[in-house]
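First the structure, then my questions, so here it is.
Chain IDs A, B, C and D follow the sequence of writing; residue 1 opens each chain.
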């Protein structure tokens, strides 16, 4: 039987989806700041981050209220805890995006032509994030299950970028600070992938009740 | 205020109706409850007058100017309208207390030659006995005639009839004392005179000859000379109203009683009434109504009564000291007994009092403010008259509806006239006017308790074990059928049971008393024996009998037992109960003859055994239902607890269920008691309804309830008997009410007890 | 369930009541004989909201509720101080007919108490006793009330069967239908679900939620979750005193008084 | 395990359980035995028995009117109780039979025990006739011939004998009805008219005497004369009819050889008891049974029916219920719904409960003192002073009996009603009040309907108690033979002051007050049977309703 307060769960879900799409947007915007060297976008990124933070708080409040007044159980509890955790992940993603954007703004435009694997990594990470959120929205457990494996590709790419940028610093000492920025950006992108993976794992938990974190299957190889 | 929306408004009609109904129910309900308890009040109101004393009011003082010192007696008519003062010369002074006739004189139509030496007025008989100096005695009846004027007014006229002069003493002896008593067939005139210093006591009996034309002439039958039989000097003589005996009061303080035996009047008894008193002299002695009690008084004002009775086995009646009345201050001077009941009016110098013979009760007493010279009590016991030393007549109204009642009458031990000893007796009506009602409720209460006792003796064991068995051992399915069946018993009208007891059971029991007595022992023995035998069977046989079906097996066993008893009974009778039949002189085996012969107490067909059995039958379902409820309601937890500890079902029943339900069982027995005590029809029909004081199982009884049913149709409204029966009903009411209340309180206690256990 | 109610349910977006002090309990004390069971209560119950009374047994919540329609008048030896006003009028006004008050304030009891009559007669009882016997009116009221009590579909084919043959939850909803048949302004509910199974309870709660669009509802409940679920305001009573009264959310999430906190968090006693 | 322990394996006290079963068995035997005994004897009364003819040795103490023959229906066969130690008997010789010999006018008794020791022959003659008569109970005889009014003789062997006799008895029966109509109703009407005039005259006389009143009083003379004329006419008419009844006579001989002449008008019905087939017997049985219910009693109540007693019981019980229901219910409603529940009410409740246990005779004596003497006496003084000192209401009557019993049973109704009221749940009351019902509306619409079965149970129990109670009735208006029914066709139709007959009292009176108690016993059994059936039916009804009720309450609580 559908109860009148079940609609409040839908609200939370909607907020989550909204927050997810905002996170995807903010990451994309941050990458664009780097790739297109358009520092004007940084302001937009920061503004978007604020919105995401606000959403994070709203979701938390709603979840707590729901817990207090509606005594949720089972699926509803998982949804609520997952919503709470995932909103935190998304908030972190937004933070990473802000960090990417800020580092991109600090870099000397055109100093380093080659961004190595960063665009590719970013693409993969965004894809991963998108899929995680899709898995949440569509309650697609298969999709969610596939994500931790895909995160490994991102890790590999990031390591490659990292090695290359290490070499680059040794060669171009003058450009070392930009290179270090790049290294951090790559790291941030890799973190986005990790957060997306976490979300996917939570989605699995939400849908099946199985906690697949820190299992052999999903163990990050770092 | 905002207007109330239509849908919230209350119709005036509803409110009014509600108010009306509320008031109606409160008033009606209270009224009904009060009315129901009004029963108690009403019955109480009916019995309170029983314990009232006489109420006496002075109505008039009449300046009759009678020659007080010459008046020897005062007579009155029924209504006390025309009292007569008898003077010492036998002239009669009538005084019209109502009309205009004033005081007028009437003389006895005596011959001028008659010299009266004795004038004796006996108020009790309304007779004036005169004796002459030549030993003759005549009797004048001072009657009254009642005429009605055309206007309907009542006029009382004196109607004096002087009888013939009969020579009693010899012609030379003047009559000093004379009395007369008797009716047509046996009449006695007794006279005392003195010749040569010797007192002569002589009497004549008169006889009315029968003739074809109604009453014949009265003639002298026999002469008697008692002078030699009399011991001492006669002070006063009293011939009984039937003329078959007389009482002499002697100067030496003895009473000598002579009674007719065949043609003689032998001295029967010398009574020394005041032997143990300080003063032994008798100043006054007179019979009460019915002439079975003789009341005497001495100078100290002690008053005692002697009543006649026939001792067991004796041939002749004798007197015994039966009554002791309250002492009066001073010397008793005047005495007059009532013509309607055993009351008598006594007076000293100023003191006057009404006493009641049966109950020794002082109905009324007062110190009057004049010297009493003469007294009279009207025939209806409604008025009394005193004459003072100035010749004035003081008239008093008496209101005393129930002189014969009082606590002593209903609950005390009374030595009634004609009884050999003081006893509790109920005998409300008798054949004669002077009958003394005996209204002791004690034999009725004993009778009620007797019936109840035997009923409970039969019902309590059966109903309690039946209740125990039904509540503890029977399966619910069986119980659902069994219990209403037994309850149907309660609804059988008692008239049906009474009819069966009297016309069906009593003759059957009567035919075979020993068989029935045997059943009491044999039937339980057979069932117990079978039960023991059953226990000896191996388990696999025993389990064939479903639990709680023992009673079904017991039914044929009971029939078997009863049948055996009817076979054995006559044989047992032939061995143990053999007596000689007093009518044929043959030896017969008959319990009905054996019992009175051996035990000395009577056997009747309609006896307590039958009543007990049938009344028990009526009580069984009541005790059964209530005690069964009490036992069934013992909390399951208690029983399971006991069973779980390994106790058998019987041990559980006895050790757990019975003690817990004890209060309920007690209350059941109490309610059964209440029902049996008040049972009416069974007792009316199945007992002889004789009031007895024993607990003999083979005699009947008379219970309060049956007594009420039997006697009330005969009791005139507001008579003593009527109110006495109400008193009986009240006793019954109180007994049952008290018993039921105890039972109810016990039951409530039990309920609380169960509550705490649960 | 219609969309309209869905939106208004979100506690955080509560619509302010038109009359926040529709029922005003003003310094109200109450005695059973010499025992004081309610101690100077002050409480404003808003119009067309659900107000819940919670508290441990014997805290006086039911007593207060039963005072709102003067049901306690039935008990011998009662006494009160202070006042209770409904829409500005004192319910103890000597000119006020208590029957009229009860028509205005419907009540649903802990134990469902359908009369041993047909379903139909149960519903129209309050109309019948008011002398309203028009068949068409009654039929309309029956359908409306039963629909209102979400019972119409279940019983519309057996309106003339005995009400005693229904299930427990149905009976309780029938009682609600009976209570709303005369369209009272206020609906009092004295632990309406305590004798019901969870499903029936849920149904009744749903009903309460819907009814609050039309009625001001006061509910006494032992079940804190229930209070949290259905009410807009919650009052916590303890030993005859009002300990805390606030918006339900407020009271449950961050009570201001420790006793409340202990009670709602189950640390009581 | 040793032997001891095996023995102790048997549960303790099983023998005692057997003993305790005795109580229940005995109770069951008593109740079932009693009811079936009454049933058997009550039904048997209506069954036509064979008539046995016995021949004894002459001069052995069994002779009746100098004859050693006797005939009659066997009513009892029992073995003699031989108290004499020296006598030994067995077989038929040890028995004694009780016969219903009839012919009370000839023998002086109608039931007698005969010692079978001296029996010579037992036979069942086919010709013997049993006739039920108007007076002296039934007759058992051999018919000789029928003397008809036209002088013809119809010999008993004549084939038309039986049918003619039957026709004639039918004719007489119809005529008897006419006589009854004339003597009881028509003459009764005239008598009551004369009585009315007499009272009116007395009322006038009481006013005083003046010429005007004298004239008025005289004006009644003509009317009285007219009425008396009517009375005489009717009396003459009935005399003629009565004479007709005796026109035809049946000449017969009883077994002792004595001749017997029976006017046909005296014969109610007759049959040949030894010729009856089972079908005949059933038809006679049914006829007897119907008569029992519908006819008036005859012969000091020992014959005929008991219709007036049934009717009296019915009317009395009805009046009682009419009185007891509102009183009991109102009092119970007050106690349960209105009175302040406290010690006082509890005490009243206990007291009311106990009042149900107060002996009926106490209520009887109260009824006599209060209703009959006080209320009735007062009513007489106010409304019927003219007919005093003959009391109208100031003597026992059906209304007083009903009221007395109502008072007696009112505690039963109060207790039952209270119980039923308290069984109505508090919720139901509150529910109704919360709907805006007033207190009375709640009681009327909710509480009373819900407790109706309980109240009904109480009422039925009260009726059963009232119908079976006799003792109080004896004091307040029951009589052995009431000339008129309490309800009849004479205005004002319901005569509450009349005395009445009652089944229970009928039993008492027949068994104990009738001159020939043996002759009364069959009738007593039949009446008892009827009374028990009535009371048991009422009680069973109450039990059934109570059980239904219990189930219903159980169903509604969850």
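Quick note on the criterion: a contact is a pair of C-beta atoms (placed from the backbone, for glycine too) under 8 Å apart; a residue touches a chain by one contact, two chains touch by 3 or more.
Please read these numbers as outputs of a predicted model, since none were measured by experiment.
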item: Topological distance between subunit A and subunit B, in contact steps; value: 2
item: Maximum centroid distance from subunit D, chain identifier (CA atoms); value: A
item: Distance from subunit C to subunit B - Cα centre to Cα centre, in angstrom; value: 73
item: Averaged-CA centre spacing for the pair subunit D and subunit B, given as whole angstrom; value: 34
item: Where subunit A and subunit C are represented by their mean Cα positions, the distance between them in whole Å; value: 49
item: Where subunit C and subunit D are represented by their mean Cα positions, the distance between them in whole Å; value: 63
item: Junction residues of subunit D, two or more chains touched; value: 436, 438, 441
item: Shared-contact residues (touching 2 or more other chains) in subunit B; value: 8, 10, 14-15
item: For subunit C, residues that touch 2 or more chains besides their own; value: 99-100, 103, 129-130, 182
item: Which pairs of chains touch, using the document's own definition; value: A-C, B-C, B-D, C-D
item: Contacting residues of subunit C [partner subunit B, same complex]; value: 87-89, 97, 99-100, 103-104, 129-131, 182-184
item: Residue ranges of subunit B touching subunit C (in the complex, touch as defined); value: 1-2, 4, 7-11, 13-15
item: Interfacial residue positions of subunit A with respect to subunit C in the complex; value: 1-5, 7-8, 11, 61-62, 64-65, 68-71
item: Residue ranges of subunit C in contact with subunit A within the complex; value: 1, 5-6, 9-12, 199, 202-203, 205-206, 209, 225, 228-229, 248-249, 252-253
item: Partner subunit C, residues of subunit D touching it in the complex; value: 340-342, 425, 427-438, 441, 445-446, 449-450, 555-556, 558
